[in-house]
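What follows is a set of structures to go through.
Presented sequentially are two complexes of chain A, the first with chain B as partner and the second with chain C.
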Partner chain A sequence: MSGLAGLYSQQFKTSLSMMLQYRASLVIWLISHVLDPLVYLVVWTTVSRSSGGSVGGFGAAEFAAYFIVLMLVNHVTYTWIMFEYEYRVRHGSFSFALLRPVHPIHSDLADNVSSKIITMPLILAAAAILALVFRPVFHLSAWAVVAFMPALLLAFAVRFLVEWTLALAAFWTTRVSAINQVYFIAALFLSGQMAPLSLLPAPLRLAATVLPFRWTTSFPVELLLGRVGGNDALIGLCVQAGWIVVCLFLLRFVWRAGVRVYSAVGA
Partner chain B sequence: MMETAPAIRVRDLRKTYVVSERDAGAAAALRSLVNRRTREVAAVDGISFELAAGEVVGFLGPNGAGKTTTLKMLSGLLHPSGGEVSVLGHAPSRREKDFLRQITLVMGQRNQLVWDIPAADSFELNRAIYRIPRPEFRQTLDELEALLELGPLMGKPVRTLSLGERMKCEIAAALLHRPKVVFLDEPTIGLDVTMQRRIRSFLAEYNQRYGATILLTSHYMADVEALCRRVLVIHHGRLLFDGELAALVQRFTAHKTIVVRLEDCTTDLSVYGEVVSCDEGLATLRVAKNLTARVTERLLADLPVVDLTVEDPPIEEVIERVFAQGTAQGTAT
Partner chain C sequence: MRYLRLLWTFFRVGVLGELAYRANFFVQLFESVLELGTAIAGLAVIFSYTTTLGGWTPDQVLALVGVFFLVGGAIRLMIQPSLEQLIESVRDGTLDFTLVKPEDAQLLSSIQRVEIWKLTDVGLGIAVLTVALVRLGAGLGAVHAFGFAAALIAGGVIVYSFWVILATSAFWLVRVENILMVFQSMYEAGRWPVSIYPGWLRFALTFIVPVAFAVTVPAQALAGRLTWQLLAGAWVFAAALFTAARLFWLAGLRRYEGASA
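And now, the complex of A and B:
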């Protein structure tokens, strides 16, 4: 394990070095990550005001709380692996990953976590500014705050594994961008990024719960904002753990099949 | 016993690709949507060879002969369609960690270095990936730095390096873990002559120092002549020749070149052999190999010879002949 720890710490330095190479792109990245929730926040605040101060139990202050927490949670859980894989397979750089005596998921995980740690202060500062402007109201309870941390980490694990597995589609088709597009649109609606899931029609809500989407982003947000009961919180954590097991199994299977395909047709 | 075991053993190795094909034009494109025609292409068609530990062998063949496909099968990137491969006692396609730690593959046209950061950072990443102990890493890096003159390059982002500079860094990155088996696919492609020579002498040095087994492909015969006593010649996926470079020349050349310097060049030399060129007293003759001794004798006896040398034709010419014969055989069968 000390070898893997060495890899993770070295990857951290590499990621840092890469991000500092492109300071401008770091700013652009930050803007895009703040702009997205900001747009929805403004839209929903306006809607709630025009419909008498509240939509489905969300007033302007609750929407502000929801989208600010969502921004932070999304920052922790998001990945860019699906774009990355398309590039790797297309440019043949994936061959080098296969030549190394380490499963490539470790480098990806290390890179992801490193980048998150490096950008965390920026996104926290952005959240603080948004909080000053939009004056969110939080109904925090001690147990929910405690349960939030594992829910957040599990959400990251579920999302990372789901997207890493989906990214392997690049082995079968060179047009992965279409698959990515479908996934991202589904995620936009079903993981609570456009609106709180409780505001969605029942069938969509059901889809979000049955599929992994709610568990990758929305669930920890709901939990922290006090919109999940004690029992449901426990069940939610178990569902997340269950998805991780399922995904690990799937990933192993798809990875092997993918490498077989890759090494059958040539790199 | 361990020393005598071959580092690489290949038996009847095959790789068949399924390619889809269609005629040109929109109609054909539409047809191929419903009815896709596929064809099997044998990229490697049953080759066998062995490499002893520490050998440096050149792998020659025209584009599309199956060289890269073979190297990829040897390094575990491609699954063979048939036959057996064993490298250091491992089946490469299983990609066992113990196997991957002992080999490397350098592809002249692809890069493993991270584009946006200095090579030194990529080296550090490789140190972590291959779990190279610090002191060993430091020592290897110092050696590579000296041999390849990396010093001033290491701190610059890789994207700002020239092709040759990048290649030197690529090779260094690929050898940091001191692999016992090194596969090189066109390591000098696109480089100028000085850089080619530098990389060549480096590879020779690496082979000497670590006793590494090296299999390399190159379009530059100078690479092969400088590094490899033995060559494998592959064409249309089949092995045409396996042996010493000198023997290849022997076998595939029917002619020798005689260069004579004469006191005067008025004599008609065509009675001795085919005159390739003749000016200012220097004549070049092409003579059938079995006649070389006799013609030389006659030239020396008949003419006022100042100097005379007998040469094999340039290696490029020999290789061209090998491929030409291979094509003839390929179409005959």
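And now, the complex of A and C:
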């Protein structure tokens, strides 16, 4: 266990120094992460204005609150692992990771968490500026704020495990970009990135709830904004925990099968 | 004329190179269709709650999406891959080989690589545009068609010049891929009419990253909201930016020191 702690702290230091080396890419990253929610915020605000000030319980101020919180939650839960695995397997650099005596998921996790800690002040500043421009209104309640924290952490765990498992598809095919795109499009609609889930047609809403998507991003946002009742919040946390268990099993299974078929392309 | 022949030659070479990897066509087609489907599904969700978006009807926004795909596909077909290669060759000095050729180096650098399968985006864009035009129907005449063509040419020149300026900055900055990525993520904002954005963002999308001229203005012509002043302004801006890009390119070349440096 102490070995693992050492690994995490070392990985943290490495990520930190790499991040600070490439400061320009931090700005690029920031722009792309702010622009998406900003665009949908503007679109939906325009829609709510042209239909008498409110759409499905969202006025301009509620949309602002939704998309700003979404941006922050998305920042906590997102991963870039699905892009990275293709590169790793195709270039054969993954062979080195396999030689190490610990599971590679640990270094990915440490990398993810450390880079987010570094970029957190930037995204918070962006959120503050957006709040000044778009004037969001929050209807916070104490219990929802308390329940938000575990929901957020569980959402991160679900998303990390789902995307890490999906990324392993790179073991079987070198054309994962098509798979990635299908996943990202599903996530765009079903995890609430494009619109609050309550505004989507019923079949999509159902799909978002049955599949892991709602639990990776949208659920903590809805919770904080007071759009989930007490009972549903508890059920939601349990569903998130359930997905984590399912994903852990899947991940073990797919990982073992994947490593067996791995042969470094080009190596 | 000679330039067109040159363009055609490079195009043919690109096609021949890529025909060896025909499966890529299907992957690209799949991805393009998915992206288009996403855009249209998004419009369907939004227009289930409203009849107009900032004054644009569904069919007009559909035309805008068509232009967005058409222009984006054209950029990714030739301009982007070629200028990415230019940046690379400034860094490793292989620009020498381009400079010794007896044609204009800016032209050669702008057409040297073709990502042939991006034609799927161009094709889908034209298809969506056609559907939107048929649905818009009777209200369109020769004036609209002329306005659209004129705005599209101006927009194309503006985007091309903008890319040349970005890529040319490689002569000073060396690492500029990141700047290109900013353009790409801001280009995404152009799939909506820029008139819906707040003033500061509209300004940025018009003059800092000229998405508005490339996508919204041509689509405006089809939606019947293009004024002569706007079209003239687009042409003036296009001419100015093209000249600026040319001067900047020449200044960059003077700075270039070659492979041995």
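Annotations
What we mean here is this: the second predicted complex is superposed on the first by the 262 of 267 C-alpha atoms of A that agree within 3 Å, B and C clash if a C-alpha of one lies under 4 Å from a C-alpha of the other, contacts with A are read in each partner's own complex, and residues count from 1 in each chain.
Here, contacts are C-beta pairs under 8 Å (C-beta built on N, C-alpha and C of every residue); 3 or more make two chains touch, one makes a residue touch a chain.
In this text, all values refer to a predicted model and were calculated from it rather than measured experimentally.
In the superposition on chain A, A:Ser32 makes contact with chain C only, not with chain B. Once the two complexes are overlaid on the shared chain, A:Asn231 sits clear of chain B and of chain C alike. When the two complexes are overlaid on their common chain A, residue A:Phe96 makes contact with chain B while staying clear of chain C. Contacts of A:Leu188 after superposition: chain C is touched, whereas chain B is not reached.
For the contact definition in use here, the chain B contact set and the chain C contact set of chain A share no residue. Residue ranges on chain C touching chain A, taken from their complex, read 27, 30-31, 34-35, 37-38, 41-42, 45-46, 48-54, 175, 178, 181-182, 185-186, 188-189, 192, 196-198, 201. Every residue of chain A that touches chain B in the complex is listed here, in rising order: 3, 6-7, 9-11, 13-14, 17-18, 21-22, 92-93, 95-96, 98-102, 107, 260, 263-267.
Remark: chain A residues 24-25, 27-28, 31-32, 35-36, 38-39, 42-44, 46-47, 50-51, 55-56, 133, 175, 177-178, 181-182, 185, 188-189, 194-195, 199-201 touch chain C in the complex.
Across the interface of their complex, chain A is touched by residues 17-18, 69, 72, 75-79, 93, 95, 97-98, 100-101, 103-105, 107, 110-112, 114, 116-118, 121-122, 124-125, 127-131, 157 of chain B.
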